[in-house]
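Which chain is which? They are A, B and C, in the order written, and residues in each are numbered from 1.
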Amino acid sequence: MDSLGLIWTLSTTTWIIPAALIGLVWGILGGALPGISASITMALLLPFTYTMEPVTAIVLLASVYIGAEYGGSIPAILIRTPGTNSAAATVIDGYEMKRQGRAGEALGISLWSGFLGSMFGLVMLVTMTEPLSWLALAFKPTSYFGLGILGLSVIASMTGGSLVKGLAAAVVGLMIATVGADPIAGINRFTFGVPELLGGVEPVLVMVGVFALSELMVQSGASELYELKEKIRVRLPSWDVMKRLKRSQFIGCIMGLFEGLTPGGGGSIAAFLSYNEARRWSKEPETFGKGSIEGVAAPEAANNTVASTTLIPLLSFGIPSSNSTAVLLGGFLIHGLLPGPRLFEQNGDVVMGLYLGSFVAIVGQLLFGILLLPVCVWLVNRPRPYLAGFILALILSGVYTLDHSLFHVGFVLAMGLVGYLMRRAGFPFLPLILGVVLGHMVESSYRRSLVLSGGDHRIFLEDPIAVGLLLVSFGFIVFSLGRDIREARRARQVAKPLELKETHP
Amino acid sequence: MNKDLASGLLLLALAGGYFWAAETIPNSMLDDAFGPRGLPVVLAGLLAFLALILVLRGVAGLRTVTADAVANDEEDDGEPDAALPRALGFLLIGAAYVVALPWLGYPVSIALLIASIALYERARRDWRLPAAAIFGGVLFWLLFNKLLGVAQPSGVLFSALFS
Amino acid sequence: MKKTLLALGAFIAAAMPASAEPLDYPHDVVTLVTHSSPGGGSDVFLRELVRYLGKQIKTNFVVENVQGGSGAKAMARLAQSPADGSIFYATTPTYIYTSLLSAPEYKYDALQPVVNFFTDTEVVYTAENSPYKTLADVVAHAKEDRGRWGAANPASLERQAAEQLKAAAGVEAAIVTHEGGGDMMINVLNGTLDIGIGEVQELRSQIEAKQIRLLATFNPDRLRDFPDVPTVKESGYDVVLQKFRGLAAPKGLPDDVAAIWDKAAQAVLADPDYKKAYEAESLVANFIDHTKYPAFVDQFVAQTTDFLKKSGVIQ
């Protein structure tokens, strides 16, 4: 009853519901633009959340994520270009359906499956996160150190093929996190007399520069690839079709749940896995690739489920497992909220508001998904030069709102260059972001623990939570490395004959 | 020069510069045993080590299988990435905006930014170019200064004209 | 009869400032600058103050958030503005700490403290279920075993209070700094720390819920809301610290403008509506006029510089 009362107060006294709907609309539009991924769509809004109430800001960002997962499937189906990475699996059967003149039907199935996936994800989120809140008081500085290390260990699975480059990106991220006043002694480090650096580097600036700006730079000079002429209307599936989709949607939900819980590719892996599984378990596997409705339903249910379930590790442990959740974490940090067990204790209203906002956004998705389609098509048809100009204008204006400082605008431009160079040289982004976001917590909790113990490292072994978290991180690193080595060996075996040919012509 | 070698050397320079800056952090009685310099020194060493591996790998010419597309959550859509000079040019327009903003004021600077980027991205030179720029300038000014209440700079030029 | 008339006269005189016409002011718009973000401590202070200040001074007040660099940017903004009473800065110990620790281009001495409104202090507290009943218990424990004391922020007034208490008591306690009072409170509640040193405002709900117990205050006198809590000095350790909240202007503010503020500040503090509002926030009114305020701030600077130099934070 208590939480029902809270929900009523939240929905009548705060901006949660408008924020959820605005975020949803923004997410659908941003997701629909090819090249603008869910994380970029969120990063573009991030600076604006600075002056908002914490609950409103978090709901806004989470709703963008939900909207972008559906929005991404629009160009995937219509122009064979996934708007977001996780919509890549939808292209296979979605575009095939469009070629058969069934685009409206494909969009309807995507919308309906996304709705079910999101609802399932939300239920999982609410039931699985809440029980963790009792841990709040038990978390000591040593436990927070374990938590930070667990977060950093995610890097091991994010190295994108090169462990050295992944680690280097993480170290640079940690270096950025050391700028500003030292967390224990209060001495200034690496500020070089710049007043804007005294408070440290806002992770937001790194995210906007590395994700959004570098994407514009990479796309610079690209030609237009697509044009949409025909008029399309969304057709929601009939009762009969809904029943036929149940199996593939169920597979999508389960895959989405697992992908959300484990650090990974932010929905794209679940989408492809569920596509494969849906084909394996389908009654008519031969239709896959030839415009199967199940082939659209499974990945769309999966990537929408991930949009909610990926919040489980974020809320309960503060671990961002994808680019999008890293941006969401940035939203929390802007308002001084540190996700983790303590969040439920100290900011229960924010968590409750997030649940409520997600619910509103998911329900709103069904309506806005249909209404916004013409706008999305119009937007996709805009000439790219103007889109680039407006997006850059939005980035540079948005960053200024953070602190009314031109220094920050310049800093974002520099981060754009860093992001561009990282892309070109094959460095992954997420380790960098994780380093920036977690560096402060890892360092301060480590040093705080040592101050408590008088320099004795055994204090970490005396805290069962810290020991547990460190063991999990260790296991995770070993598992990821083992997998990387196996894959590298396999790649080498394939590559060897080629090399021989090259050296002995 | 391949990518590994280039990025390795760049990171090595960064590690060196960072270490040098870390050495200038002053001591304090309020420091703990690990100290404000502890982590920076470890990080500098770690980055130098990783950079050396990259340099060696670059020198040995060992090409590694990179799956950066997967790692970055962005996909290659067939179009090759823009070359460095082109990307830098894009960035330069952004830098020009930062320089122009305090002088020309927000609406004018934004309009110029949109027009410059559109031209740089080879927009057709017709009536749409000035129209989009002016529309953008007014739209962003309304959005930020009026709706969000952010005091974007009004510019020296206009303060002088109107006061 | 004469007595009643006198009393009546005194009553009217006392009531005068609140009911008088707003004072004339040489500017139509006065900007009040704070370094805190919207919703932060000084921001709330200014916005609340402005609501009642309009009754005292005939002008329009605008609150501006000049964030960044813990006050470094705001000080620069003030130092480059005209000293004619059109712009003021909300002072707190933060701008002194930033001036001393970060050595920014424009420091506290580029500004002139005008009036003070409130003073505030730090308290020592422990968990309700902890064995410590008095500050002496805590010190006794620190003498036998290694004490674990928390300070809400690094290089701050809390840290200074903890270090000075440690020196005055002659014990070796580990002083653990945190990122804000909420962060530290959890560690006091779960027993990681013996005591925490923080602000009363941050502790109110936990005090009411009987989760934590106040042991002492660094204020010169006992707190009005907690008359049973002794001062640190009464407990036998000669440490007294005060936070302040007031206004500063660019250096060279004309005396006649400063005099207007002296009158207005006194009057606004006596305003019953405002009084109700700030007492609910447990702020203690402590009016200091423009002739004495600079000396008050200088004394705080001297005390802080001395502490920072002794501990080697600054040379």
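To be clear about the criterion, a residue touches a chain if its C-beta (ideal position, glycine included) is under 8 Å from a C-beta of that chain, and two chains touch if they have at least 3 such contacts.
Just so you know, these numbers come straight off a predicted model, no measurement behind them.
Pairwise, the chains sharing the most contacting C-beta pairs are A-B.
Taking the mean of each chain's C-alpha atoms, the chain whose centre lies closest to the overall C-alpha mean is A. Subunit B and subunit C have CA centres that are 40 Å apart.
Put simply, the C-alpha centre of subunit A and that of subunit B have 21 angstrom between them.
Among all residues of subunit C, those that touch two or more other chains are 154-155, 159, 313. The residues of subunit B that reach two or more other chains are 26, 28, 30, listed in rising order.
In subunit A, the residues touching two or more other chains are 51, 182, 184-187, 404, 451.
Within the complex, the subunit B residues that touch subunit C are 26-30. Within the complex, the subunit A residues that touch subunit C are 51, 136-141, 181-188, 191, 193, 195-199, 336, 342, 345-346, 403-405, 444, 448, 451-452, 454.
Residues of subunit C that touch subunit A in their complex: 38, 66-70, 72-73, 76, 98, 101-105, 146, 148, 153-156, 159, 174-180, 182, 186-187, 189-190, 192, 313. Those residues of subunit A lying in contact with subunit B across their complex are 34-35, 37, 39, 48, 51, 81-82, 85, 88, 158-162, 164-168, 171-172, 174-175, 178, 182, 184-187, 189-190, 192, 213, 215-223, 225, 265-266, 268, 322-323, 383-386, 388-390, 392-394, 396-397, 400-401, 404, 406, 409-410, 413, 416-417, 420-421, 423-430, 443, 446-447, 450-451, 455, 488, 491, 495.
Of all the residues in subunit C, the ones that touch subunit B in their complex are 154-155, 159, 163, 310-313, 315.
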